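These are the structures in question, set out in turn.
There are two complexes below, and they share chain A, which is joined by chain B in the first and by chain C in the second.
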Partner chain A sequence: MKTTQTGWLGRFPWHIAVFLAPAVLIYTLFMIYPLLDSIRLSFFTADDSGAISYAGFANYVTILGDPEWRASFLNALYNNLVFFLVHMLVQNPVGLLLAALLSLPRLRLRSTYRTLIFMPTMLSVVIIGFVWQLILSPLWGISETLLYYVGLVDWFEPWLGQENTALVTLSLISVWQFVGIPMILIYAALLLIPEDLTEAAEIDGANHWHIFWHIKLPLILPTIAMVSILTFIANFNAFDLIYAVKGALAGPNFSTDIMGTLFYRTFFGFQLQLGSPTMGATVATLMFLVILVGVLFYLFGVQRRLRRYAM
Partner chain B sequence: MSMQKMRKPLGAAGVHAILGAYTVLALWPIFLVIANSFKERKAIFRDPLALPTIDSFSLIGFEKVLGKSSFGLYLFNSLSVTLITLAIVLLIGAMAAWALSEYKFKGNTLLSIYMAIGIMVPIRLGSVSILQLIVDLDLTNTRTALVLVYVAQSLPLAIFILSEFMRQIPGDLKEAARCDGISEYGIFFHIILPLVRPAIATVGVFTMVPIWNDLWFPLILAPSPETATITLGVQQFIGQYVTDWNSVLASLTMAILPVLIIYLIFSRQLIRGITSGAVK
Partner chain C sequence: MADSIAFTSDRTLWHRIGRIGIYTLLAVFAFYYIMPLIVIVSTSMKDLDEIRTGHLLSLPAQINLDAWTFAWSEACIGVTCTGLKPYFWNSLAMAVPAVLISIMLGAITGYALTKFRFRGANVIFAMILFGCFIPFQVILLPMATSLGYLGVANTIPGLVLVHVVYGLPFTTLFFRNYYVNIPDDLVKAATIDGAGFFTIFWKIMLPLSLPIIVVTIIWQFTQIWNDFLFGASFTSGGNQPVTVALNNLVNTTTGVKRYNVDMAAALMTAAPTLLVYIFAGRYFVRGLTAGAVKG
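Coming up: the complex of A and B.
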């Protein structure tokens, strides 16, 4: 029975409203309203007393026009792009490889590998950040010792402390932690592929490599696209790892500054610069636009095209 | 099809070599920290790769952490915030998912899309206004503030997963109950809610892990020592005692171990939950 049959023109379907009300209210008040209100605030400016007044696009003009603001915004945007590219080039291919191996038929210890490789993903980014900070610390010397064992001790550098290596090192730490997510999502997609498809190819004499490359991979492209957009959203919203390892200043010399840390500093202030809610809201709105561009590109550029090809 | 047949690219041994090597890479940093947290300072530096021995064994780090920080309180804060959020999300999320998946009403599709916005848009972007709202409600430095924000953050995905799940519940059950004259509320609470139990694992993972591990909202909404969660507590503690290696290693171990143990106990359900339902 649907409510339409009881004639919901006649009486208001109270039970539907009751079922929906708590979730819709909390979600609207603590998620949708703050998101919209942040966008609104980005068009305002506050005076010394804290009273806000409408300022049009002045905040955006400041961030994108003022030389200092523009430099730090572009620096954070560029660093965030690097952060994302490292994930796309390392995390997702490694996740794909692990998922492909895990889904091989009759693999022993399958669930043990799966469980153990996924483990770091469950831990807090903050904890992982500290763990790697210790391991890479020249004080402790673990990395040096390990490199010594394999004869590469000359390669050791304080990667987290150098301007030209800190960002990529942090990206790789994040990759190390989150490789379990693409692995598990792609693995789930591989399990859904009907066996008839692969069996037919086996009878024709195709080996696993061919089957993976020509049959399975095309079928899981939608999943890979979804993993990519999830990576994009997560990366452009990242904050915890940089803050835990490098603090709000994202050193050395802002070389690890990404949108999340720039947002935090703008909102709460740092050193001599006072925090500003309205400027913070402006940075958040710009982050929202970046994420929106990514999501729209995925929805209309990638997903539709993939849908058309998938069977 | 057997493993021998895949000789061409790499044999069974090759597959195990790659998976084994990656497993080691995933585990040894965690293992290293835990092992060294049980050693005395000298041994941590002299031979970091060794396991603690009778000579080098020491619990000094743990004693210091427990003495200098409110570790038990942080743990309690994290536990209460996470579990209360999960309970609320499961109840009101299931109610909303039921309404959206069962009843045809005007605006159903639109409302479903509206509730799904939060899956794609990170709630953090609204932080400026969230903080303002929490200040206006006089809820700064309370766990209530965290619970409210986390409920809002978790609802979209929970509703999405639960509606997918509820669509698979056979219609006969509901029709039979309706013929018996049971109210819509009775159907939901006595028939549907118990049937949703298997989905709790999936919703639980997607709800609890991000909340337990979050640094952002504890940092901006509830940074006081009384309300700090374990993630924030450890972050601040380590910032303070950064040169005391025993304490640092011990606090990391104490933050890692509870999660590790729970994960190992529930990993099977947990991974089945992720691979079976939600995201295809």
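Coming up: the complex of A and C.
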């Protein structure tokens, strides 16, 4: 490819470098450098005056070794995993189902459903958290009444307030908000499938179910894999929903604490604990490592295999 | 013959049952998605007595916009009682330049990376892509230091800079993936005709880019307008964006809980992104299918 190019296309393109420069420069200065600086900072410790000194792996040893730190770190990591799994097991399958339904031929009100379900993804998490808090509230809410209408009033509990249900409830609120993203991405992928493929199968007597299961699904696997990795990244970065509904303390009793809120408390401090930039940098670096492992797994484990399969 | 007739009628019966099932399912979903919207809109138009005695889903007895004016210009956010108005303008002053700049940079970078493949183009792209994976939290402190160093800490231009930087990987990804599908021959032909780098970009690439520009505008505007962490971390007081102000307004613990004011404020915060979606939304799926996001 490169060798066939002639003239100024083949030589080092200085004018292109000029056009790339702003993006690369801004990006290096404000993204790569801060990232490296954060990682560097995680190897330092600050004394009472705020002066920092090199401490090796001491911060990591504290987080993973000190009983109190370890308990809160593992709690946040575990909760984050639950938060992610709820999205993986509920949001993405429901998104796939909705995309499959919306791509059915001769469906009425197609764009109305699509618009309606995608709408919450456009809204601030603060709004979503607040509205669902009100809807689920035992005092003001309507969920008890709605359950009464369908005869399930006994099931009602103050889900957001209980230690054993708060995390899953928040995850489901987040699923409600973001199911539109897998839906729209998979829907767009389904639209791209050439019609002759499905028509041929239809002539052979296959029904919609067979066509979906045996022809369309294999073709959209790369999209599903991409949706999964996006879910992973977004969920391990999550912060604002928990913060907006539960505050930095991620109550009740830290049962909704995830990596993002743990970082926020460590970094900015809360109640009697002072904020620590160096410990914050350590938590942030660990978050980064968790996400890196997931992304590498996707790039080298999933995507490579899928590409081979698709070819 | 008879067999095949039985087969087809059987099929249409199942088909009909299937259709009923599908529409029921979609109706349940529609209710589940429309219900919170009804709650927001109708509560914002009720007075406090009506909220206390009535039902969240009931429609307001009469349309009362007092809560709206109160939320816009009088409600207390922290200790200052200015309403959402100044914060709303903050967000607009932050989002519009940040969206425009990040899209411009993303388009040029995506174009340079795809249509003029040179040694190292893939390395640069991989590095920029890497930015999509970096948690906000990791760059928070060094970013704060840099903003202070540049003298834009706790200002709107500072937030614009942060959002341009953080949006750049995504806009580059979108444009790069879109431009990969535009035939190289177009560019080669123009090059032979003597068109330069920027002329080709301006005259050929940009006119072809409308679908992806729409997708990127929707994505970037939503991300930036709705951002909470950067706003909460890098600004304070009167420089906060509207999402942070809304959170403070809703969580202000002094005085009576005015749900109608909270809801009106939530709607105001939601309005710009919803408007963008309503006006540009029909291009959204079209832009996505044009190859914005691919595995």
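We take it that the second predicted complex is superposed on the first by the 294 of 311 C-alpha atoms of A that agree within 3 Å, B and C clash if a C-alpha of one lies under 4 Å from a C-alpha of the other, contacts with A are read in each partner's own complex, and residues count from 1 in each chain.
By definition in this document, a residue touches a chain if its C-beta (ideal position, glycine included) is under 8 Å from a C-beta of that chain, and two chains touch if they have at least 3 such contacts.
What you see is a predicted model; the values in this text were computed from it and never measured.
**Q** Quick check for you: in the superposed arrangement, does A:F156 touch first (chain B), second (chain C), both or neither?
**A** Neither: A:F156 stays clear of chain B and chain C.
**Q** In the superposed arrangement, which partner chain does A:V295 touch: chain B (first), chain C (second), both, or neither?
**A** both
**Q** If you stack the two complexes on chain A, which partner ends up touching A:E202: first (chain B), second (chain C), both, or neither?
**A** A:E202 sits against chain B, while chain C stays out of touch.
**Q** Quick one: classify A:I135 as touching chain B (first), chain C (second), both or neither.
**A** both
**Q** Which holds for A:Y60: it touches chain B only (first), chain C only (second), both, or neither?
**A** A:Y60: touches no partner chain.
**Q** First (chain B), second (chain C), both or neither: which does A:P105 touch?
**A** A:P105 contacts chain B only, not chain C.
**Q** Could you say whether A:A225 touches chain B, chain C, both of them, or neither, answering first, second, both or neither?
**A** Only chain C is touched by A:A225; chain B is not.
**Q** Report for A:Q303: first if it touches chain B alone, second if chain C alone, otherwise both or neither.
**A** A:Q303 contacts chain C only, not chain B.
**Q** Going by the contact definition given at the top, which residues of chain A touch chain B in one complex and chain C in the other?
**A** 1-2, 13, 15-16, 19-20, 22-24, 26-27, 29-35, 37-38, 41, 98, 101, 104, 107-109, 111, 113-120, 122-127, 130-132, 134-135, 140-142, 145, 176, 184-185, 187-188, 191-192, 207-208, 223, 226, 233, 237, 239-240, 243-244, 260, 263, 267, 277, 280-281, 284-285, 287-288, 291, 295
**Q** Would you tell me which residues of chain B are touching chain A in their complex?
**A** Touching chain A from chain B are residues 1-3, 5-9, 15-16, 18-20, 22-23, 25-27, 29-30, 32-33, 44-45, 48-49, 92-93, 95-96, 98-100, 103-105, 111, 114-115, 117-118, 120-133, 148-149, 151-153, 155-156, 159, 174-175, 178, 183-185, 188, 209, 212-216, 219-220, 231, 234-235, 238, 245, 248-249, 252, 255-256, 259-260, 263-264, 267-268, 271, 274-276, 279-280.
**Q** Would you pull the chain C residues touching chain A in the complex into a rising list?
**A** So the residues of chain C in touch with chain A come to 11, 18, 22-23, 25-26, 29-30, 32-37, 39-40, 43, 51, 55-57, 105-106, 108-109, 112-113, 116-119, 124, 127-128, 131-143, 145-146, 161-162, 164-166, 168-169, 172, 191, 196-198, 218, 222, 225-226, 228-229, 232, 243, 246-247, 250-251, 259, 262-263, 266, 269-270, 273-274, 276-277, 281-282, 284-285, 288-289, 293-295.
**Q** Per the contact definition, I'd like the list of chain A residues that touch chain C in the complex.
**A** Residues of chain A touching chain C: 1-2, 7, 9, 12-13, 15-16, 19-20, 22-24, 26-27, 29-35, 37-39, 41, 98, 101, 104, 107-109, 111-128, 130-132, 134-135, 140-142, 145, 176, 184-185, 187-188, 191-192, 207-208, 222-223, 225-226, 233, 236-237, 239-240, 243-244, 247, 260, 263-264, 267, 277, 280-281, 283-285, 287-288, 291-292, 295, 303, 306.
**Q** Would you pull the chain A residues touching chain B in the complex into a rising list?
**A** Against chain B, chain A makes touches at 1-4, 8, 13, 15-16, 18-20, 22-24, 26-27, 29-35, 37-38, 41, 94, 97-98, 101-102, 104-109, 111, 113-120, 122-127, 130-132, 134-135, 140-142, 145, 176, 179, 184-185, 187-189, 191-192, 198-199, 202, 207-209, 223, 226, 233, 237, 239-240, 243-244, 260, 263, 267-268, 277, 280-281, 284-285, 287-288, 291, 295.
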